[in-house]
């Protein structure tokens, strides 16, 4: 059997290929010259398998897609409060290259506009680090997200640096406000280098999957950043990642995402998948025209939308009843199954509360449980403790150590 | 055993009770006079059980919390395109009572600011309906969300209508732009009536749970609105529901939410729970001070954040192997378990693709599956079809009709 | 001889008549129906003579041209500080009917936008006056500016009041902020009545001439408002009277002016003339297309621009020398001429300082002086006092009482 | 006799000296170190006499006061249309160092904000000139305004260039928009040099007087720029020269003016005087605190306000009657006096029209006229032509060539 997933992706690609509207980014000569017809989509699972269709191995530069990953590194290195001292997290309602600072302060509006991203790149590594070391941290960190050593496209880097007037303007302004304290020209060089890292659509899908996977690279198993960092980065991508305005993307697509002017777009659906699309022609917001259409189709057809709740869970309580248990004797057995979050565990506790166990011995069987989150774990532990206080003996069957 | 959930909620309440900062809404005399010390929290499960702590049965008026529900009714009655013709979905970055229209158009920025909510109230029911009928639809619809007949607090309604200068200003402006076409004074009366509906914190938790439950009221089982409507409403609550700026709430709390100036706040986490808090003292954004703190604690301590992915799923493939099956004979049995979304089904298909079944007979056992979403269902059906094309005989064991 | 002035005006009219671009105001049915081809220009001297060309006796409604005159009445009745408490004087950069308030306050940006003008209309008369009395004051005051009893065009008034949605929106908002304290509907009725006063182009030229004349109506000789009021009104007309932006009008025309949507424009050049134009087709700013063109031509061709300095004054010192004077004997005679402002008097004082009088008797002959302003008067008086302190005897010949 | 003018200025200085609020500019170390107590005022007449009080010979740097003069040079060199292609003339409502561009274009809002002034400095001289030549033109031109060779304060220049982060930001942005096409660093160097020119309060008064005098330096008699250039520059100073908002300055002071962060302020009243004040402590808008107070007093006490009309002119018609004239015989003599602008000449023409000359011979005696503007001249010429067409013989007595 051929996997229907790749077939489906090929079908989506074909369905969107006819849209040749938009145009390559024109302000960087190297991007203007790129082959406009390239088109690729890739979906990476949290187990590291990548489904793809189209030109998934063609190299292009990350451009603004580097922003959320450097944002993640800066948060990992400095912590959230230090980061928020410098950069806010509000959608700007303005184009990506505006010199937008938060009113009454010297903070860029968010880390996804250039002013914020340039500042972010100076928050990677130690406070007293050199710019050379910061660059090594960025290169190493983004490579860890990708699971392979990334390299700079030197032709794009040179081309981009020569015409980096607006970024120089932004950096000088940030220097004027002491928002950055290093040499503006050198800071812009680092930032431009980060934008010039070469990736494939496949790379990007895996980088996005690392975010969807809570910060652990699916292939290498390396923890690149911690879960709270991922939560913050995905939140910011949700409101500030696409377009100048947050509402349209959240309602229509509902996937935390980021676009780059070379034509790439990434999306990360927490706990599910990372995805990436590549097509160089851009819309008026600077996002890939066909990339946006692919995202819309995946959101609608595959239910990949933050607000798309799974169908209400059937009971996680697989079995509840009194029977003989080997080595224990007569016991009330509660066998749970599936994924235990607040809602499911609450149901079990509800039952325990309304109708207490009918025998002094209680078995809590978690062998069919495949996932539990922190609140679920704490609720179950508390239930075990309370049943003990009620004078019952509780035996927990937990071969996978779900409650540890 | 006492349920630890209510105990936990009581603990949260106690932890936040000390914050007596803020002040009652002062521009409506009746609200100014409310008892500032009231404090309640409630969490409603999708099965309709409500955990609560504090003054969960004290009545207060919905105020702006009515907005997302009337938004839902308007979407249900008119459809999304007709709605978007009149009202945009972008966060306004402005206070709730500003006369903010989208630049260059006559569309209010979103349905959560007053200009948008007043317009929304005229989009409920049929286009040629009378305002009296629109009111009946609003009253009936919001009662359906709550699962009981709601009533107007006539004292608040009168008090509010007398001082409704700004809403009258907004309505006259909207009339000037033909965004609304009915009498501005009568439209404001209907809108004020909707804001004056009396609810308890318990009611609000169930109304929120109806949204979390995809539009079906957990207690009555009534489908109040369709799933696409819920998806749109929750998306808009995410970016426009709290505060003037979207980023702060999404990063810090990450729950689609809405506040009202009487002191209520609701939150709805899709597929999980509805929650509600009540405490009359407001912050500078017009949201309940203690209500916001409770939301922050629930988000952090209970993992109730949109970006909080559950721990990566263990395999949904409970069993894969060749064995004798009653009434079939030797077969390769694939037994699935848990909740089947894209990611899980993809793993099964991946296995089927990499290592095809070793016998001509295949059993797909879904009896341990408790949930499947539309893309998972389609992927499994397609797999069954393809295995058939490959010449295999596939027996689907699906006692709950998961693939129907 | 026929006066070349009227011929010149006829020539200007003819030169601009070909421009039939723009369109009548369309939001008030009565204005939409007006004859679009009407065209008139009038220039009123400070002696009350009116030169005109075209349809100078056709009646139309004042609309926003009423604003500076009601502004003048409010300043006269309440004084500048009380007025500034309620309304600022900054150009708004926004369209005339926006609900623009100064940021962080509840003051309309200036008295020329509708929010400011509506508020202004409530500041006429005594603070505790009724709206009926305020209307009488407005009607009487504007009639005094015109030099005849003005009347309301009842058809326009009714038509305008029926579609006054935006003004009602503004008034309700102002009421919400307590910027106005009277019934919004009644305030808008008064304001609409003021806009519906009927005038001819000739009337408007005389009303403008009253401002140019320091507040004294040239024909009736009545002092309608005081000089400081006029100075404030003309200043505000300069920056806020035309278009949404101040710079363009000040640089290109440089005449304090105000337009109305019925097609009228007035201009007042202090100390020189009042002018008025009428042509109903409006540009995108709501100002008469041909009216603006006429103003531009008059500014350029007649040197009617605030920055157009008269050619540098020849000496105001007509004679300086020692001779025999009847009844006095030998004296140093200083005979002055023309208009004495700071610059001219300074020259005389300069001479007296550099080269003191050569005789103990000094004659200061002002019989050829036709005008002196307050600083010139004070400087001359001080010079007389100082010459006395120097031991000289000063005889002032001042048949017109210029120094009194 | 001592001139009362200087005494008056000394009195004004003394009256304002007590206000020691505000603080030196702090972002340029050299300015921060300046003696805060310095205080000077100077008034220059159009004949080149300078009245002064206080530290009128202390040197300080022009800073933003250089802007209107370089604006004048650019207009003189390139013409108004070419200038307006690059820079608009609207007040920005923003602080002087904002990167404000006109919406939807790449034009700085006006030549008085830094973005506009930096662009303006590249429009001096020929389009293909080098930056070195542009600097020579700026240095030469500003020296011509002052009437002496100005020099750069090298310490301030270096200090300012080192901390010119925001101006570098602005210049890079302008380069990014192709609003400027030269090297941003070199452009900022030229601009900073222009700001660092050293002047005294006396110098500034004469530079302002050159503007008030229509572009002719009062002492040297050199025409520095043409009258239309002066008209444009003074118009822009009126709306954009002081503060971020135009209305306040125009209403309260009404003098075209410009301030600099070293503490200087200039004002130019067309046809009357140039004035300058110096006091280093600045208000929140970056204008000298005591400088603003002095301007307010001069405006109020000396009637130096654009809207302050001189008292209505007495008749310019000194004599009208039939008498014997030497060498002509019986003639109707019209003897005019004073300054002839539109208003005065119109009166004479009015008389000639209403009551035609009673003899075939007419004498028009202009020997007592000391000034006539272009429209007055054209009106009189036309009257002479028309009287000739009516069959009359007109003898013009014009010893000063007023009608030429």
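A few points about this structure:
Per-chain residue numbering starts at 1, and chain names A, B, C and D are given in the order in which the chains are listed.
One rule holds for everything that comes next: a contact is a pair of C-beta atoms (placed from the backbone, for glycine too) under 8 Å apart; a residue touches a chain by one contact, two chains touch by 3 or more.
In UniProt terms the chains read A, B, C, D = Glutaminase.
From a predicted model like this one, the values you see are computed outputs, not experimental measurements.
Following the contact convention of this document, no chain is adjacent to both subunit A and subunit D.
The set of chains in contact with subunit B as well as subunit C is empty.
Rounded to whole angstrom units, the spacing between the C-alpha centres of subunit B and subunit D is 64. Subunit C and subunit D have CA centres that are 23 Å apart. Counting partners per residue, subunit C has no residue that reaches two or more other chains.
Taken together, the touching pairs link the chains into one ring where each has two partners. Across the complex, subunit A meets subunit D through its residues 99, 165-166, 168-173, 175-176, 184.
Within the complex formed with subunit B, the residues of subunit A that make contact are 1-5, 45-47, 49, 51, 88-91, 93, 110, 212-214, 230-232, 234-236, 238-240, 245-248, 250-251, 254, 256, 270-273, 301-316, 318, 337-339, 341-343, 346-347, 349-350, 352-353, 356, 368, 370-375, 379, 382-383, 386-387, 390, 400.
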